[in-house]
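The following pair of complexes shares a single chain, chain A, combined with chain B in the former and chain C in the latter.
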Partner chain A sequence: MATGGGAGARFQLPEIHSFPPFFTRQPNEDTWKEQRRLWCDLVVAFCRHHRRSALAVAEAVNEPPFSNPRIRRALRVDTLREVVDELVSQGHAAWTGPKGSVRDTCLVFWRKPEVWAAMLHQWAADRGLCNTVLTLYELANGDDTADQEFHGLDYATLRRSLEALQSQGRAQLFAGSSDEDLGVKIFT
Partner chain B sequence: MRKAVGIGGLRRREAERLALSRKGSELAQREIEKLQEQVTTMKAKLEAFVREHQRDIRNNPAFRVQVQRMCQLIGVDPLASRKGYMAELLGVGDFYCELGIQIIDICVATRPVNGGLIDIDDLQQRLMQRRLRGSEPVVADDIKRAISQLGPLKGGYLIVEFGGRTMIQSVAREMNADTTTVLGLAHQTCRFSVDDVHAALAWDDYRIRACVDDMIRSGIVWVDAQTAGMPDYYVPSFYSAASKRN
Partner chain C sequence: GSTGEAASEASAAETPEAAGVVIKLSFRGGGSSQFYTALKEALNEAAGAAEAAGAAADSPRAAPDAREQARAQAQRAGGGISTIVRTAHATERARDVTLQSGFADLEALTAAADEMVGLAEHIATQLHSPAAAKLRRAAAGSESDAASAARVDAFRQYLLDLGIDSPVTKDSAGAVFHEELARELCDYLENYVSQRGGTVALVDAYCLYNRAREFSLVYPSDFVQACRRFEALGLSLRLREYPSGLLAIEDPATASDAQIAERIGAYVQSFGPVTANDVAALEDCPLTLAEERLGLCERAGLICRDESVE
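This part shows the complex of A and B:
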C-alpha cells in the first residue's frame, strides 16, 4: 500500500511538457480546452505522485511541473489560475484562503474528498472504531492507519473529507485547538 | 472452270461464307474458353497460394505488400469489397477495416492537439502501441491502403505531402496554397516565426498574419509567446513525430 512521503520512482512528465507552446495559453478556444485538460491531468497526476495537496500558484509557477527550465518556459500565474478554476469545477481542487481574496492558494484533491470519506468510513467500520472520538492526528499518523491510503494525508484534505462525511450525516466533528487535535466521531 | 453466276452459285458462296464465319467464331470461342480456363487456373493457384501463406500474409508486412501488388497486376483487387473472395480468403478485408477504424480513432483523439493533421510516422507508432498484443506489424503502405479504403465514408481523410513528410489530414478542409507553403517551410524545424516566413518567401506582413491566424483558427499550430522576440508558431503534428524519432 502507499507509504506516504512521495519518494520512490521519479515522476514521469508527459511528452508535451517539452513542447514550448504548452506553457503559453493558446488563443484558439478549442486548443486551449485541450491544453487545459492536459494541464489538469498533469496537476492531478503530479500531486498524486508526490502525495501533495497544497499549491500556492505564485510560487508553483517557478518549479516543475509548471516550469520547464530545460526549455526555459513556465506557465503564467493567471493561466495556472484558469487551470485550477477548471479543477475546482470538476471537484478536483478548492481555493483556500479567505473568501473574496485573490485566488492564490488551493488544495488539489487527487482523490475527491467524498472518495476519502468513503475510505475513512470503511476503515472505521472494519476496525470497530465507529462512535469513538478520533483525532485527525490519529487518522493521519496513527499506527492503526499505517496500511491505509489516507495515512499521511494532509490535515486540510482530511478535514474536508470528514466534513463531507459529516454533511452526509455519517460523522460529527469536534473543534480542537488546532487541525491536529480536531476530533471526529464516525457513525456506523 | 465456269464462273458461277447463277442463283445456285450465289447460294453456294453464301453457304461458304457462313461456314467460314462459323468456323471463325468457333475458333474465337475456343480461344476465350482457353483464356477463361487459364484465368480460372490462375485464380485457383492464387487462392491456393494465398491460403497456404495466409499466416505469412497477415504477419509479414513486406510479404503482404508484395501479394497486394501481384493481385493488382493481374487485376484482382483483394480489397475492392469486403465480400471479395480474396478478402474473405485472406481476412485482409478485416485487417484493413480494423486498421481504418483504429486510424480514425487516433485521428479523432489527437485532433484537439494537432488540428487534424498527423505525421504518418507518428500515426504508425500510435497504431503499433495500440496493437501491442502480439498482432501483425503495420507499415506505412498499410496505412495508405486503409485510408484509401476510408474514402466512401466521406470523412475527408487525405494523405498530403509537405517536403519529405507524409501527413494524414483528418478534417475535411481545403488547405489553401499559403498554408501548404508555410507548412512545407516548417516541416524540418517544426516551428516558424513571422520573420522566418518573411525571410524565406518575402510575403508582406499582412499576408503572413492572415495565414498564421488561419492556422491558429484551425488548430494546426500552437503559439509560443515566451520567446526573446516575436512569438514562434509550432506545428504539433510535426513536433510529435520528430520527438519520437530522436
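This part shows the complex of A and C:
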C-alpha cells in the first residue's frame, strides 16, 4: 500500500466538476441534496488521495478542488461550510478550533477514526506491544510502523483515533508536554 | 321754454384743453327742473356726438396746421376716455364670440366621440354574438380563415385602443366599487391575457387599463383590490403572487405551471444554458415574468442554476 502522498497519479476530478452549476448552491432542496452528496464524496476522495486531513474553509475555496479556474467558478465559503457540516454528521469530519468560534478549520477523516483505532490495535497486538506505553511520534513516524497505513498520519487524526480506542476501553492516553509526547497504552 | 336772462361770459381759452363757455341762468318764473332734465338729455346726446366726432378725429390723419392739430387733439382728448371704454367693450365682445365658437367645436367633437364609442361597442357585441359566429362559418368558404381571423383580431385591437365608455367610478358604483371594477377589468383584460399566453404582469395590465379609461383613472390600490376579488366573484381571471412578490394576472385555464416548466426545460435542453433575458425573448414576455418562469422550472427540479460574477 502506498504510504507516500499521491505524488504519482494525479487526482481524478469527476465530470460534474466541469459543470458550472455544480459550484452554485442550488435553491431546490432535492437538487441541493444530490449536489451536496457529490461534494462530500469529492472532499473525502481528494483528502484520501493526498493523505491530507486539515482543511481551512476560508482559504480552501481559492484552490482546487473547490475552485475551478478553467470554468471560472468557485464554491462560496458558506456553501463549503454546509458540505463540511454534512460530513461531520456522517462522522467523516470534525470542526477544530476554539469552541464557539466561526467554523473555519476542520479535520477530514478520509478514513474514520474508529477504523484507524482498529488498525492500531491490531498492529499493537501483532507486535506484542500491548500494555507498553507508546508515544504518538513512535506510532506515526517510528520504524516499526513504516509498513503500516497509519504511518505518516497527522497527529490530530491519530490522536482522535486513539481517543476513540480509549472510549472503547481498549487504550489509555497519558498527557505529555506536547502532542508528540502523548503517551498511549494499548490493552490486549 | 324758460325766460331768463342768460348772461354769458365767454372766457377765451388760453390753452385748447380749457376751451369752454360759462353761462349763468336764472329762473324767475320756475321751470328749473324741466330745464335740468332737458339739459341732461341734450348733454348725453352731445357726448354721443362727441364720441362719434372723436372717432372721426381718431383716424390717423396728418394735421398740417398747428391749430388744426390742436382742435383735433381737443376732440380726441374729449373722446379719449370713452374710446378706452369702447375698446374694452369691443374686446370683451370679440372674446365672447371666440369662446362661444370654440366650445361649440368641442361639443361637436365629444358628441361625435360618444357616438363612435357606442358604435364600436355595438359592433363588438355583434362580433361575439352566436349569429355572427354562424355568419363567419358560412362565409368561411369565401375567404381564408386566417385572413378573417386576422381582421377580427385587428378590429379587437382597435376596440381596445378606443377605450371604454362610461367606466366604473366610485360615484357610479359606491359601496360595491371594487366588485364592479373587478367585473369590468375581467371583461376588458380577458382578450389581452389570452393573447399574451395566459399570464400578464400586473403593472402591464394596470397601464393598459388606465390608458383605456383616459380621464377617470384608477388608483393602483383600487386596481389591486379589485383584482384580488376575481376568485371570490367566480371570474375567469386570477391574481397570482409569485414567491418573489411579483404580481400577475392569469387565466388558470390557459396558463399551466407544469406546461411552462416543461417548455422552459425544453429550451435548456435544446439551447444549453439560458438566461432570463433569453427566456424573455423566447417567451415574448417581460423580464420579471421570465425570471418567474425559470423559478417555476427550477422548483419543479427540471433545471439547476449557475450563478457567478459574470
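The criterion applied here is as follows: the second predicted complex is superposed on the first by the 188 of 188 C-alpha atoms of A that agree within 3 Å, B and C clash if a C-alpha of one lies under 4 Å from a C-alpha of the other, contacts with A are read in each partner's own complex, and residues count from 1 in each chain.
Following the convention adopted for this analysis, contacts are C-beta pairs under 8 Å (C-beta built on N, C-alpha and C of every residue); 3 or more make two chains touch, one makes a residue touch a chain.
Treat the numbers as computed from the prediction; the structure is a model and nothing was measured.
> Fit or clash for chain B plus chain C once both are placed on chain A?
Chain B and chain C clash in the superposed model.
> One more residue to check, A:18. First (chain B), second (chain C), both or neither?
first
> After the superposition on A, what does A:127 contact: first (chain B), second (chain C), both or neither?
It touches nothing on chain B or chain C.
> Of the two partners chain B and chain C, indicate the one touching more residues belonging to chain A.
B
> In the superposed arrangement, does A:30 touch chain B (first), chain C (second), both or neither?
both
> So in the superposed three-chain picture, is A:73 touching just chain B, just chain C, both, or none of them (first/second/both/neither)?
both
> Quick one: is A:52 in contact with chain B, with chain C, with both, or with neither? Answer first, second, both or neither.
So A:52 meets neither chain B nor chain C here.
> Once the two structures are superposed, pull the chain A residues common to the chain B and chain C interfaces.
20-21, 23-24, 26-28, 30-31, 72-73
> Note which residues of chain B are touching chain A in the complex, please.
Where chain B meets chain A, its residues are 112-113, 115, 216-217, 219, 222-226, 231-232, 234, 236, 239-240, 243.
> Enumerate the contact residues on chain C facing chain A in the complex.
273, 298-299, 301, 304-308, 310
> Residue numbers of chain A touching chain B in their complex, please.
Against chain B, the touching part of chain A is residues 15-16, 18-24, 26-28, 30-31, 33-34, 38, 72-74.
> Would you tell me which residues of chain A are touching chain C in their complex?
Within the complex, chain A touches chain C at residues 20-21, 23-24, 26-28, 30-31, 35, 72-73.
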